[in-house]
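Each chain gets a letter, A, B and C, in the order it is written, and its residues are counted from 1.
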Amino acid sequence: MTHRIQVGMLFIIMHLSFSYLIYPDLIYRLTKTSHWEVILCQGLMQLILLWIYYKGLNYFPDKNVIEIYLKIGKWAAIIFLTPYVINLIAIVGFNLRLHAEVINDVFLPRTPYWSILILLFFISVYTAIKGLDTILRSSVIIFFIVIPLIFFNIFSSFTNFDLHSVSPVWDSPLKFLFNIKYFYLMGFSSFLILGFISSGANSNFCQIFAVFVSVVLFSLSAVYIPLFIFGQETVTTLAYPFLEAINSVDISWFIFNRQTMVFGISLVGLVILANAVLLWMSGHIMQKTYKWKTMEAAYWIILLSVIAFVVALVVPHQSLVEKFFLWSTGAQTYFMIIIPSFIFLYGSLSKGGLVGYDKK
Amino acid sequence: MRNSVKEIKTKFSTQGDFFIEEESYDKMSCYLIGFKTLIDLPKTKLYIQQMGESCTSKSALLGKLSEETNVNTEQLIKGILEGKLVIVTKDGKENAIVDPIVQNLNSSIGEPKNESPVHSSTDAFVEDINTNVGMLRKRLNTDRLCHCTYQVGELDKRRLSMLYINGKAPNDLVNKIHHQLNQIDSDIETIDDLNKRFEKRRLSPVSHFSATELPIQAIHSLKKNRIVLFMDNYPFALVFPNLILDMFSTENDRNFPFILTFMLRFFRVIGAVATVIFPALYVALVSVNPGIFRTDLALFVAKSREGIPLSAFLETIAMVVLVDLILEAIVRLPKSVGPAITMVGGIILGQAVVEANLVSNLLVIVITAVVIASSAVIGMQNSLYIRLLKYPILVLASLFGILGVFIGFIFTIIYLASLTSDDIPYLTLRFEHKGDTK
Amino acid sequence: MIKSKVSRLSIVFLSILFLSGCWDIKDINNRSLPLVLGISKENGQEYKLTLQIPIPKSDNQISRTVTEKGKTVTNALGHIQTNSENAIDYSQVQLIVIQKNLAKNQQEFRDLIKFLMGSEDIPSRALVAITDDNVENVLSNINNKLGVNASAIYDYFNKGTAWAPELFSTPIWEVYRSQFLSTKDIAVPAVRAGKDTVLVFEGSTILRQGQFIETIGPKDSQMINVFNNKDVKGYTENLGFASIMVTNSSIQSKIKMNNNKPYVTSDLRLKIHILERKQGITNKKIYEKIERLTERRFYNLLKKTQHSQSDIFGFGQQFQHVISYHDLKDWRYKYYPDLKVDFKVHANLE
């Protein structure tokens, strides 16, 4: 029971970590009027994939994705999971770089971004090495620190709302579905983690659904807060709309002046945990797939994080980082489609999975 | 068999308090052997004499005095070391290890010295392990209270006791600890020696045990499925595993209405967080991120720091170290001198430092708040480790400002989350693994 | 073994960590915290920047002004950084006073606002004000006044609407936003240096997409506040034979399209409190007078703004549902001049 709650909190934290920087921007570029359509559409499609994934995993009780692939054969694990690890590393690298620059802007405008990058990497790697249990436990506490801060941000931004800035009309032709950016957008999720936590799939689908709905609500708030404050035309000219929206809030009774600090703090909490999970996943995959001389997962994590760090460091400027980040989320979309459907197919073909499993 | 007396004599010839007295009663003459420091000899003699009056024969008397009769020399020596009286008949044919009337070496049950419970019974554990276990038994009348004893150590066999409630404490945990305690092969002098026997935690400020002086607290822990260990000659109960909530809640709080209990615990949490964060926050706000202040506050702080030559980090670390020194000095000093140091350290030094314009008066307020806050948590060791945790955050804050404070805080949380004792995480909020009744 | 290696690695990482991150450390008493930033243009050529910096140490003088010129704003800021004794931390800038001559050039003004919005140091919550006066005079005026503190200029705008209903403030981000909005224009408060007080409120300047249209008086500014649903409580009006105070106001608007022309019906309900009146003046007369006065003021302002095609009331915002997104882009030029407003005031005693 407690484990499920922890997984749910981790799930929310991981999704939130994706939804504040590039996500609103991408949506504003996809459509000009009814943004909620895009968000709901994306949520629905992710939910369908999640359902397939869930069904597929249910064929193999108490097994995680790596074990399922290893059951098919080592080749399958290598072919399917190695590219996924590369993708994860890219996401970790670009995600941390992006966040490092934003955190840099918010807290320490004169400090070079790499020092913050080192700091974030250090904490993420440390957390990843400590293992999943530590991540889950700390996610509860970080959840209870970060979520009130986010709510504080959301409610304090109400003071600047101009309800007329947004037109809620239904924009019927779903043109955005065929936009490549929508494909990128689909990658802003990390539900694949559920398959790597052995008890993640054991949870009831209703619970997953409830958690997912709250994630969609948070995404809506991330998109609509800047929209209500600035309006569509202004929002597209800003680099980080959500940040600017929070920055515009001025609460006179609060002793501290800058709401962005509050936002920055919550962002730090989210990004550390999310990237720790991604690093842990990749280290875990590598360790189980390639059993090289009993190389510990910790070594893999350190090795992969060094690669990610170098990748994050060498990209020369920010627009390129954003572009690469979008590419890597696009690749993630690909894995989000491939892995669940493959497991689902394999599970249903091996006669409900259990039979095949028993024979082995 | 006479040579056994000789053997004992040569063995203990270097001991000043060793005695062999020849004594003759109407039915027998014998040697009484033992340590003067452990045995109240006159009273014991009287006791043997009284016993002898009602007995008819030698062996009947010895049998009445003790159940361990006619044992070999090694056991006799062991008995002497344990503070027993050994009686050997003059012909050396019969012997007995008698429980004598002992010199009272233990302090009587008194008030707790390290904790000061409000609204609670005020007896505390004592040195004697049997008294301690007895205190628990008296309060917990159930046959499910299990008591296992161990004698461990190389040089000195130290007595350890493990208590748990059958059916509450998880069985695998009990077995594991049983195993771990049996494996101990070196001397256990301190809690840290015992700590090392459990899961490895190098350089960790958090112990596997939470020590308590109060029987109520120990019983509460037992009822909450935990295991209590006692060490002989150590007037504390060691509760295993140590959980973070021990820092914030004691059973005593529950003597108040719920809302007051909640308030007390809430304040303790605030105290712990404030201790860890406040000095760092001061450095971060003053030297790295003053932009976060409201204008009036920023101008006020700037004014209060005007003309101070030290950098914010230096003045803070200096003051924090100084205050920790004062706290330590007060503990070391005899009780009669302690208040004087408090006066000199706290009031005069604080005043002088501000008046000399070495340290901003805002910092003095912050430091005072921290000292008070750090004492709000329960247990001296918890208070100490909370005080330790503030240093890394302070260093991070001086480099990265608010970001450093928060990252330091998260790092601390992750570190604490990574701690486990026998697979029970330190951050478990409720210890609910129920064992089955065997 | 493994653990020790990990800890060794972490020690290496930690030392790298401590080597990094030393750029933002500067104690607050070694920073200058300017509160007001004045921007003007000299001879239509160079930017002139003026900073009002409070002095915490001295008791005689509360603040000083620093002036520097440069080809661009960044240039001038750089000059100030170089020449100042302390590090200048712009994070406390609360007000930006812009001289009107600079604001007349639309492109320059847009660039300036864009710079202020994008700047990491200057908070985008800082308020904007326009002045006709010499910017330096406005900023240094604070030193000649007795009993004011360094943050007086900022305090001036933060009295709260209940205390000074006519005054209003506009932060940078609103000015920035108005440059992109096609359905709403904004007003920026206009001030000048006062004789007895630090500042004098002169009314407001209407901005249309970064272009100055005209200046309107405080009473007209009040109309705009009413339409933006801002609290106008405490606003007083002298009617000649009586004077009243508004205690509550609420506005309700209905919109519709007539032959592709926008049409708005607005009802303003004023709750008033009569402060004084000449003898024999009935409540009804006062109601009529205040209603007529307010309506006339509104229609005058509407005519003026329709002429200059600047939708200061934000009527266009309400047509978001009726007119399509793309058509609305031309609201100012295509629809707004044809807008018909049926404005009715209903005054009532509290």
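Note that in this section a residue touches a chain if its C-beta (ideal position, glycine included) is under 8 Å from a C-beta of that chain, and two chains touch if they have at least 3 such contacts.
Which chain is which protein? Per UniProt: A = Spore germination protein; B = GerA spore germination protein; C = Germination protein, Ger(X)C family.
Computed from a predicted structure; not experimentally measured.
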Note, CA centroid farthest from chain A's centroid sits on chain B
Using the stated contact rule, I'd like to know whether A-C or B-C comes out ahead in C-beta pair count. A-C
Give, as an integer number of Å, the spacing between the C-alpha centres of chain B and chain A. 46
Distance between the CA centroids of chain A and chain C (whole Å) is 39
Centroid from C-alpha atoms only, then distance chain B to chain C, rounded to Å. What do you get? 64
Quick check: what residues of chain A touch more than one other chain, meaning two or more? 108, 111, 116, 119, 126, 257-258
Residues in chain B with touches to at least two other chains are numbered 288-289, 291-293, 295, 400-401
Quick one: which residues in chain C touch 2 or more of the other chains? 17, 20-22, 24, 91-92, 123
Using the touch definition from the top, list the residues of chain A that touch chain B in their complex. 103, 107-108, 111, 116, 119, 123, 126-127, 130-131, 133-134, 137-138, 141-142, 254-258, 261, 264-265, 268-269, 272
Contact residues on chain C for chain B in the complex? 3, 17-18, 20-22, 24-29, 31, 33, 35, 54, 56-57, 89, 91-92, 94, 123, 150-151, 154
Flag every residue of chain C that touches chain A in the complex, lowest number first. 2, 6, 9-10, 13-14, 16-17, 20-24, 91-92, 117-118, 120-121, 123-125, 158, 171, 173, 176-177, 179-182, 314, 317-318, 320-321, 325
Okay, in this complex, where on chain B does chain A touch? 288-289, 291-295, 297, 400-403, 406-407, 410-411, 413-414, 417-418, 420, 425, 427
Using the touch definition up top, name the residues of chain B that touch chain C in the complex. 202, 285-293, 295-296, 298-299, 301-303, 305-308, 311-313, 395, 398-401, 404
